[in-house]
Structure formats: structure tokens, C-alpha cells
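Please read the structure below before turning to the comments.
Residue numbering begins at 1 within each chain, and the chains themselves are lettered A, B, C and D in the order written.
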Amino acid sequence: MPIPQPNLYPPFNIVRLSHVELRVTDLQWARAYYVDTLGLQITHEDKAHIYLRAMEERGHHCVILKQADTGDVGVLGFKVWDEEQLDKAESWFRSRDLPTAWIERPFMGRVLQTRDPWGTPLEFYREMDRLPSIMQHYTLYRGVKPLRIDHFNLFAPDVDGAVQFYSDMGFRVTEYTADEETGRSWAAWMHRKGGVHDIAFTNGTGPRLHHVAFWVPTPLNIIDLLDLMSTTGYVENIERGPGRHGISNAFFLYIRDRDGHRTEIYCSDYQTIDPDHEPIKWDLKDPQRQTLWGAPAPRTWFEEGSAFNGATLAESDLKAQPIVAP
Amino acid sequence: MPIPQPNLYPPFNIVRLSHVELRVTDLQWARAYYVDTLGLQITHEDKAHIYLRAMEERGHHCVILKQADTGDVGVLGFKVWDEEQLDKAESWFRSRDLPTAWIERPFMGRVLQTRDPWGTPLEFYREMDRLPSIMQHYTLYRGVKPLRIDHFNLFAPDVDGAVQFYSDMGFRVTEYTADEETGRSWAAWMHRKGGVHDIAFTNGTGPRLHHVAFWVPTPLNIIDLLDLMSTTGYVENIERGPGRHGISNAFFLYIRDRDGHRTEIYCSDYQTIDPDHEPIKWDLKDPQRQTLWGAPAPRTWFEEGSAFNGATLAESDLKAQPIVAP
Amino acid sequence: MPIPQPNLYPPFNIVRLSHVELRVTDLQWARAYYVDTLGLQITHEDKAHIYLRAMEERGHHCVILKQADTGDVGVLGFKVWDEEQLDKAESWFRSRDLPTAWIERPFMGRVLQTRDPWGTPLEFYREMDRLPSIMQHYTLYRGVKPLRIDHFNLFAPDVDGAVQFYSDMGFRVTEYTADEETGRSWAAWMHRKGGVHDIAFTNGTGPRLHHVAFWVPTPLNIIDLLDLMSTTGYVENIERGPGRHGISNAFFLYIRDRDGHRTEIYCSDYQTIDPDHEPIKWDLKDPQRQTLWGAPAPRTWFEEGSAFNGATLAESDLKAQPIVAP
Amino acid sequence: MPIPQPNLYPPFNIVRLSHVELRVTDLQWARAYYVDTLGLQITHEDKAHIYLRAMEERGHHCVILKQADTGDVGVLGFKVWDEEQLDKAESWFRSRDLPTAWIERPFMGRVLQTRDPWGTPLEFYREMDRLPSIMQHYTLYRGVKPLRIDHFNLFAPDVDGAVQFYSDMGFRVTEYTADEETGRSWAAWMHRKGGVHDIAFTNGTGPRLHHVAFWVPTPLNIIDLLDLMSTTGYVENIERGPGRHGISNAFFLYIRDRDGHRTEIYCSDYQTIDPDHEPIKWDLKDPQRQTLWGAPAPRTWFEEGSAFNGATLAESDLKAQPIVAP
């Protein structure tokens, strides 16, 4: 299917991705990993939850760690432009026969809870508690010095379908991988906030979260994190990298927590805000789209991901993702 | 005057700053400076003009160097969301009794020419020739490896007035310097595209262009440029830096061409896209707003700038900018 | 065998490793690779040879590329303290029944030609043409910005024997890998100039050159080289990295030319000049000695190397090097 | 006076500079500055002393902070090759009618205490307690991540005399500033360990310590320190930089503690180990020798330094150091 034209006047105005709830089976282990090692900042902590923000963020949280029996993902959150957009969003999801509910969430105003057609749990909101800036509190910087949440990446059983659905919502494609023979998309990167992506979809059993990504200042911060993790008991949590993706030009590192939740640490994004910004098409056979420098990725990176709580998995009818493995 | 509330539904939709025409008295000298030394890429060149883009840009140009008798600035250009916005822009400027004209410009579609109330020459457009991406053509990277144009900074004789005018147009304030006693603003940073600024205003005789800024990947690129300039005959063109601004948290370098046009090279911006993003207020008496690390700036940096072609200079009624000099 | 005590008063005073002659089957291809891509500087060029130096070196050359029928290695060169040391060296090699000859070499004074007991071709000299410094000619910096040659790494069929021989000559061990059960060394790093190594030995069929290494300023230069190589037709020449060795703490990249000659690009050495500097012992079973961060190395890296011209290969009686492969 | 020829067979073999005793008037303030902010590691602490080492050092200490009534410098320490060199050193200083004594120092073997002809307190030793490596204990890295002590820089009332004296001892000149008209040296950089300097002398009232320097991995660590110091109450302790010296090519930052003791943080040294390494001569009138990039240094940097305990100050008969000030 061809990539849809950008929807310049979407049904409601989403500003950006905002937060993710990661359900973890050992909250204290997760605290050591996300706070002491990665360097995210705690904004609230109770017996069952840790709320985190990155260094330049003023919203109350971008990650919620929640003690749970299963290490899956609770919800993906998005911020909208104003309260009116929430009502428009409700109508839009309803018109597509998708479930909607207004729920209460700590530290947030009105929250619209819903799911996409594949069952991915989504929530939209306008108002979240705002906190004082700590961007120049350099004494707080630790670990990889994460600056902000950047994007979600999902395994999708129907990438063409997902691209159409999220495009209807106003997300615009920046890069995609297509199979020349069938014309079908294998992966697509879509944005609202003017970078390469707020959300991306990769062909595979889904919906599952492949990773949540954080933006850091320079590649040297990623090297610092690797040195730290590999000498403090986290070497097994390093999955892939450092390297450069052909797609998105990102300098990346992938790490996984004990429940398998994958985090991408990256820098080197580019600006995509122009309404006539042309998507870049990558050939499924081009190995440099995954790794510009040619280094192989491990099989786990292609196959494993985090389930969404309450969603039913579906397999893709496309044959397995071609693995560029050693 | 208090900072105006963000105008979330502006009269027309400006996407971002786009380009600047720098009039230079020696085009070949300028070529050696902007192309061979800074590393901007030529996209068109004729006897009297050189069109340039930065490494990640797909629009045809972000800088026009134009051979001229006087080293002033021709125009500041902005991109709008669609053609309809151009018509809305025309109405809006007309309604304020400001001059408007539809003009022809090479490599561009319809161009609306106008001026702000202080005479700053502006142009708005939707369509500019799009070029293939060279972002991953690493063999072309030279000099400071400029990735994209980032913002304009102007001397303004009436900062409060400029902030109100540009706020009405939809620009939102991210940081500002205020005089606690009078309540008047001395400087303000305003954005459309989600970073610290597309345009900024500083108290002083104006309108004049203080600088145009380019985004680069890391501080090390700025160090590379300093090493290169200081050993190839450009040491006198280095004006200030490297350093960190308190305001914007930018790691910066300021350089000036032979006509005095100032360029800021910088990195370390942050994301400001939230509709409820709170401006940061700096006290006029806080020396760290200018230089977080305490190093003084030279007098030229506070006083000199490029005139705009066809604009009449006005003095500010605020006493001279307090200079943090050695 | 235990690591020998450092020989603080060696029979002759070697200052440092100095140069290598790489015999290449396509001199023009090699020129594009070592000069245009890596950034080594040509100091002399004729039909059959290209002489190269790195950016901070004042000696005439650290690499000689020589057009040849076979892509092997001509010689490893070392600089001694004064002319008297050359005569002492001659006596020392003779006393061990090793071949010696005084030969003529362009751009050099007296050259003592010899071989170690395994046939590795060596040469010693005091005087090489000195060239003006180009360290601050920043306009010449290209590619990975190589600053200086750093070390040789050899496959050795008898690591314990090699360590004893080179220790007798005055090289001192900084790190080594030992098999706890047999007590035998599998690899050793030895220096003269005060860093981790001038020469290193790894168990394997030999003598063969595993790699010659160049020192660069920061990890970002290595990332720049990867970006450049992967987008200018050299992606197949990238073998391993970037990564951090446990041993030596080096941030590394390994690349190979068309003849298979391997180059390590690295930074993050440390000072080892103290006479009582203690060697670090690594357990053969510790996977982090090779890759601190846990990423696997390809099989070629463990098995392939460059033969030395005129040397006969011998197999090691130790079982094959344990490969940390995916 | 012309620079002396390198003394290739000195009277005794000094390996490198080793340590400095800084007498401080507020030990707890100094602890917060050198340990918590710069990142040096405590190896011993008692009521009146704090012993520090940098991250890659295995010797027990490179800095001793000593509670004192006056903020001056106790001693400069150097390590020699073996015990025999200590006896040779004693003879050599005695033969020059300089005071010598064998003293006890904690954590060290035999210590020879002496002074140079201008009264600078020196000590030589072979044996200091050796500690386990913490180079790869990345969790301990803080502040500027100091790797090792690198050099001392002294104000000298007679630079030509100091160069001759230290050259006789085996130090070799790498760079120097000369007055073309008088032929006299204004400054000289001298080494033992193969870098630009172990000790340097600058014309001025002396003997005084201008600074002690620490080597760090990359310029980004210096930027991190600036961000940290400027936001944790140490902005007044930042004196000069960041910048690049023409001399030594060092990327530098100068900071001063509460007693005025100046520390240089730097990277970008080069290798000078060759016996025929030619000194670089800088013209006194070349402003780029001090600051390659042209930025001025503050007057304090040219004029202020730390007295040595027990030494009598003498003025230079050369007119005051020309100050490159704004």
C-alpha cells in the first residue's frame, strides 16, 4: 500500500507522545535500573509506583513504573493541544467503534482512555502537573543524562493498517521500509512533534512494545552508560549497540530491563516539521537501513517485545522479518 | 509589561523560520567563509548570488549570499503551513497597515513580502524547491557540520512591543529578561517550531540583526571550527565563545564575517512544544543569564549588528544594555 | 609460565615502535583508503611506494604502502635512543643466532635489519628524516584524524616464548591473559613508551600481524569514520566495533583494507611508565576482557591476520582461541 | 640564551612528576572542591590531611591537601627509576650546594628532600604504596573525571636559569617562548615522561606555583565540569577557559580554589619521547601562543600564583609578562 498523504488538518490535535506505564515485577530492581543507572529523576514514589521524568521535562512524568505480577505495558500516553481536542478525540474513537472512557489518573487532568483497533492501550490528556525546570541543575545529572522521552516503537501485525489509522489521526510518515514486489510496508516511522517519530511500527506479532526511547545529548553519554552498566552488574542488560541506524540516522543503544522492557538511548535526530517533508523510502533488501555500519543485531532484537496489558496478540501474515544476523 | 499569554490559535500558521538574505560586499570572500570554512552546501551559484543549505535541510536554501554595495540584511524568511495561510497573512498585515506585496523569488512559489512595524523586512511562503537529502552523505560534511538554520536574533528598540506583535502572530515566549523595577522586558526568546526560538529580541538600537544561528551536532564540532578558523586566517572573525548561555542552555560560539554579519553556532536546545510550556524569567541583574560560566563577552557583542536594508533605525528609550565585560 | 619481572636495564634502549611496511596489491586503492578515508598524510610518493605520517608525528613516516604481488607485511620498525644502541642491538641479536644486516632505507640513517626467533622481520634505527609539525594545521585533518601510530598486535604460536624474548629486550608487560589451569599465557601487551603497548601477542598461528593501531583524539572521531566509510563504499571494510576492550580500556574500531591488513583505531589508553607498574591479569574465561560491553566479535577477528614476508608460519600447540561469538 | 641540547644521559633518572602538597586553610571546603566537584578519589583521610589520586593512578596519591595556616605549597614530588637514582640525586644536589635530607613520609619509602636554587621545595622517591586499579570502576567517576596528574607550571624569576638547571637534571624542552631581540626565554615547557611537560616555567616573581594540571578524557568532560561548577556555587572559581593554547595544543580550563591554588584541567597533549624531538619556538609577540582562538585571559592568570612554603620570592629582571587582555 502506498504511504498516505500527510493529514494536515487532523480530527484532533496531538502535540506529542508523553508517557508510558511499564509494569514491572520487581519495583526496587527497576528503581536501581531506571533511576540510579539510567539517570531518570523520581517525581513521586509510593509503595507500588515510581513516577519519573527526564532532565529537561517539566511535565510530571514520562515513565510510570508500576509493581505488577506480569512485566507488560499498561498504556501509551499522548498530550493534546487543549481540552476541546479531548472531546474531539473521544468522538473520533467512538465513530470507529473503539472503546472510550474518562478516567482519573494521579497528577493529571481529564484523561481519555481508549485502544487502537489492534488493542494497544492509549490515553490522551491535556493537563499534567508541571514541575520546576531542573535542566540546569547539573548536580542531578547521572547515568546517560536522559533529556526527554522521544518515541514509542511497536511490533504491528498489520503495518499498512497501522500507518493508515495513525495517519488519519494526524501522525505523518518520515521514513518507511517497503517490499518492492508486494508494495507492502514492513515498517514506518511517524511523528507529530517535528522529529523522526513519536511512534513507529515494525512488522511482527503484535501489538507489542518494541521499545521506548530517550534522547541524550551526545554519543559520549551513551558510551558512559555502557561503561557504567558493564561494570556494575548490568552487562547482560545491554542488547545491541552502540551503532547508527540508516533509518532516522540515530546513534543508538538498546538495553533491556529484567522484565524485558527495551529502552533505546539515542541522539542525532533531524527536523521533519515541514508540511511538505518527504518520507524516505528504504528497500527491504537494503541492510544499511538497520545498521548503517554493517554490524549485525541479535535475534532477540528482531523477535522480542513487551505485551500490552489487556491486548490480544495477532500474528502478521507477512513472513518473518528478515534478520540481519551474523 | 507582562509576557503575553501564548496565542494558541494564531491568525495564520507559521511553521518555522526558514532563510535569510545576507548582502555581502565580497561574494568570493563570503564563499570561502560560509562554504569552505563553516561547511554550508551550495545549492545554486551565479555571478551575484550563492544559495546555501545546511546538511539535514531539504528546502533549497537557508542562506542567500548576495553581492551588494552595503553589508546589510535583505530579508528574513518564514515558512507557513499551506497556501491559505499566505492569504490570511496578507490580510493580517494589511489590517495593521503594514506594506504587503506578492513577489517572485527564484526556487520558491508565491512569496508575500512585508515588514513588521519597526521596518524589519519579512517574507512568507509555503513552497520552496525541495532537494534530495544529503544528511547521510558524510563525505560532504566540512567545517562545523551545520545541520540546520535555527533562529534569528534581533536588536529591538521596543522589546515589549515586538513581543506583543510577534505573539499576536503566534510566536510563543520561552525565556525572557525583565527589569524587576520597571516591569519592562529587555530581551525575549520566541518560537514556532518547538525549540527555544525561531526569533529573539534584545533591547538596543534597531531593528538590526544580531545574529543568525545554526544547529550543530555536538560541542566538539564547535571546537573543531575554532581550531580551523584560528589556523586558516579567520582568528579575527571569532568574536565570543565557546561558552554556555544561562538563557536557552545553549553551548555557543559567535563569529562574524567581513561585513560584520554575526553567526551563532550552537547546540543543546530543548523542547518547548507543550501549549502550557512556562516561560523562564531571568532577572536583568543575574549575570549568569548571558554566560552561565561567568566569562565576559566583548563590547562588540552587545553593541554591533547588521542593519536591515530599507529599515530606519530607532533608539531604545531603555538605557544601554548592561554589559558584562571584563 | 609466570610473567617475567620487568627488565629495567635492558641490553639496548628502544624508544618506541615506529613504522610498518604494508605490502599492498593495489596501491591506488590503498591510497584512497589510508589517505582519503583514514586521513593519514602523504610525505613521499613514487610509483611503487606511498610514505605516510599521522598528524602529530615529526618522523618522516609511520606507514609505508608498497605495491607488491602479495598483501603481506614487509617489516616492523622500532626507534632506539642513540646510535650506540644500534650496535648493542646488533650484538644482542647475533648472540642469539638471529640474522642481522645493516641496510639502506630511504629517509633513514643506519638501519639494523633482523628477525625475532619466529621469523618476524624487524628493523631498528635512530635517525629518520624529521618534518615540520603539522599538528596545528587543522585544515589538513581528515577522516578519523589519526594522531600517531600506537602499537602492533601479532598472532604468536608461542606467547610465553614471545613475552620472554621481548621482555629480555626491555619491553614490559602491562596486561595479559592467562589460563588458570595450565598457567600459560594466551595473550600479552608489552610497552616501551609508557602506554599500554608498543607490541602485543595473541595465541594463534604465526607470526602474523593482527593489526597496527592508530591513536585518535576522541570516540567521536571513530564515529565520524564509521559514518564516512559506511556511506562511501567501505562498509565491507568495517570488521568490528565500536566497542570498549576490557583489556587496555581502549575504545576501539577495527577495519581491514582490501588485502586484509587490519587497522585498529582507538583512544583511551593509560600511562604505564612507572618501573613498578603492576601488570593486570585477565582470566581466559572472563568474556569482558575482549569486550567490556558484551558485544560479540566476528570470527574473522579471531582467525585472520597478515603474513610477514619471508616468515614461516607455525601453529600454536594451545587449542584454538576461545571465540566469543554470537 | 639558546635552549640547551637535550641531556640524554642525565645524572639520575627521573620517571615523571608525581605529587604536590597543597596547604589549604579550610580542609573541608577543599574536600568539597577537589573530591565532590573535581572528582579526585580519597585514598587516606585524617584530621589534617586528605590524600587523593586520579582515576587511572595506582600510586597512593598525586595530591595531598594539608590543613594549614597559610594557603601555600608544601612540596613538588617526583618519582625516580630505582633506589640507586635517589643516591645519585642526593650527590648531585649536594654537589650544587643545595640542601638535602632523607625524610619520612607516610605511604612512601625513602624520600630525598631538597630545593632547587630558587628555593622550590622538591622531593624524590622511588617507592610509594600501590593501590588496586579503579580505572574501570566507572561508578566512581565524578566531576571532570580526572585521569592522572600531568604537570606543574611555575613562575620563575630566571627562566633561562631554570631551564639550564632542570635540563642538567634530564628534563627536555618541548616548547618555549623567546624574545627575538634579547634572545632570552620567557617561558619553557620541559618533560621527562614523553608528553609536553612534567614541569614548565613562566617569567615572573617566583618561585611560585602557577598551576598543577590534570589530564581528562575529552573536552566534553571539561564542559561538564563548567556546567557543574557554575550551578553549584563555584562560578567564581572558574578563572579562564575553555580554550586552546597555541603552545602544547592543549584544550584547557583553569580554576582556582579558595586559597588561590590554580588547577588546569586539560586534554590534547602529544608524544615527545623521541630523543631528537625538536622544541617548538614561539615568538613573544605571537598572541596565538597563549590562546589559539584569540580569547583574552584575565589579568589574574598572568599575575597570581601560590607561594612555596619556605621559599623567598625574587622578582624577574625581565619586564612584566605582556598581557593579552581585552
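Following the convention adopted for this analysis, a residue touches a chain if its C-beta (ideal position, glycine included) is under 8 Å from a C-beta of that chain, and two chains touch if they have at least 3 such contacts.
These are the chains along with the protein names UniProt gives them: A, B, C, D = 3,4-dihydroxyphenylacetate 2,3-dioxygenase.
Here the structure is a predicted model, which is why all the values come from computation and not from measurement.
Visitor: Identify the chains in contact with chain A as well as chain D, in label order.
Guide: Common neighbours, chain A/chain D: B, C.
Visitor: What's the chain with its C-alpha centre farthest out from chain B?
Guide: The chain farthest from chain B, judged by C-alpha centres, is C.
Visitor: Provide the C-alpha centroid distance between chain B and chain D, rounded to the nearest whole angstrom.
Guide: From the centre of chain B to the centre of chain D is 44 Å.
Visitor: How far is the middle of chain A from the middle of chain B, if each middle is the mean of its Cα atoms, in Å?
Guide: 32
Visitor: Residues of chain D touching 2+ other chains?
Guide: Residues 136, 218-220, 227, 230-231, 292.
Visitor: In graph terms, with chains as vertices and touches as edges, which category applies: line, ring, star, complete, or other?
Guide: Graph shape here is complete: every pair of chains touches.
Visitor: Considering the complex alone, what residue numbers of chain A touch chain C?
Guide: 218-220, 223, 226-227, 229-231, 235-236, 238, 242, 244, 251, 288, 292-296, 298, 325-326
Visitor: Name, in rising order, each residue of chain C that touches chain D in their complex.
Guide: 8, 15-16, 56, 58-59, 79, 81-82, 126-127, 130, 133, 135-136, 147-148, 193-194, 217-220, 246, 249, 268, 270-271, 273-278, 280, 292
Visitor: Using the touch rule from the top, collect the residues of chain D that touch chain A in their complex.
Guide: 136-139, 218, 220, 224, 227-228, 230-232
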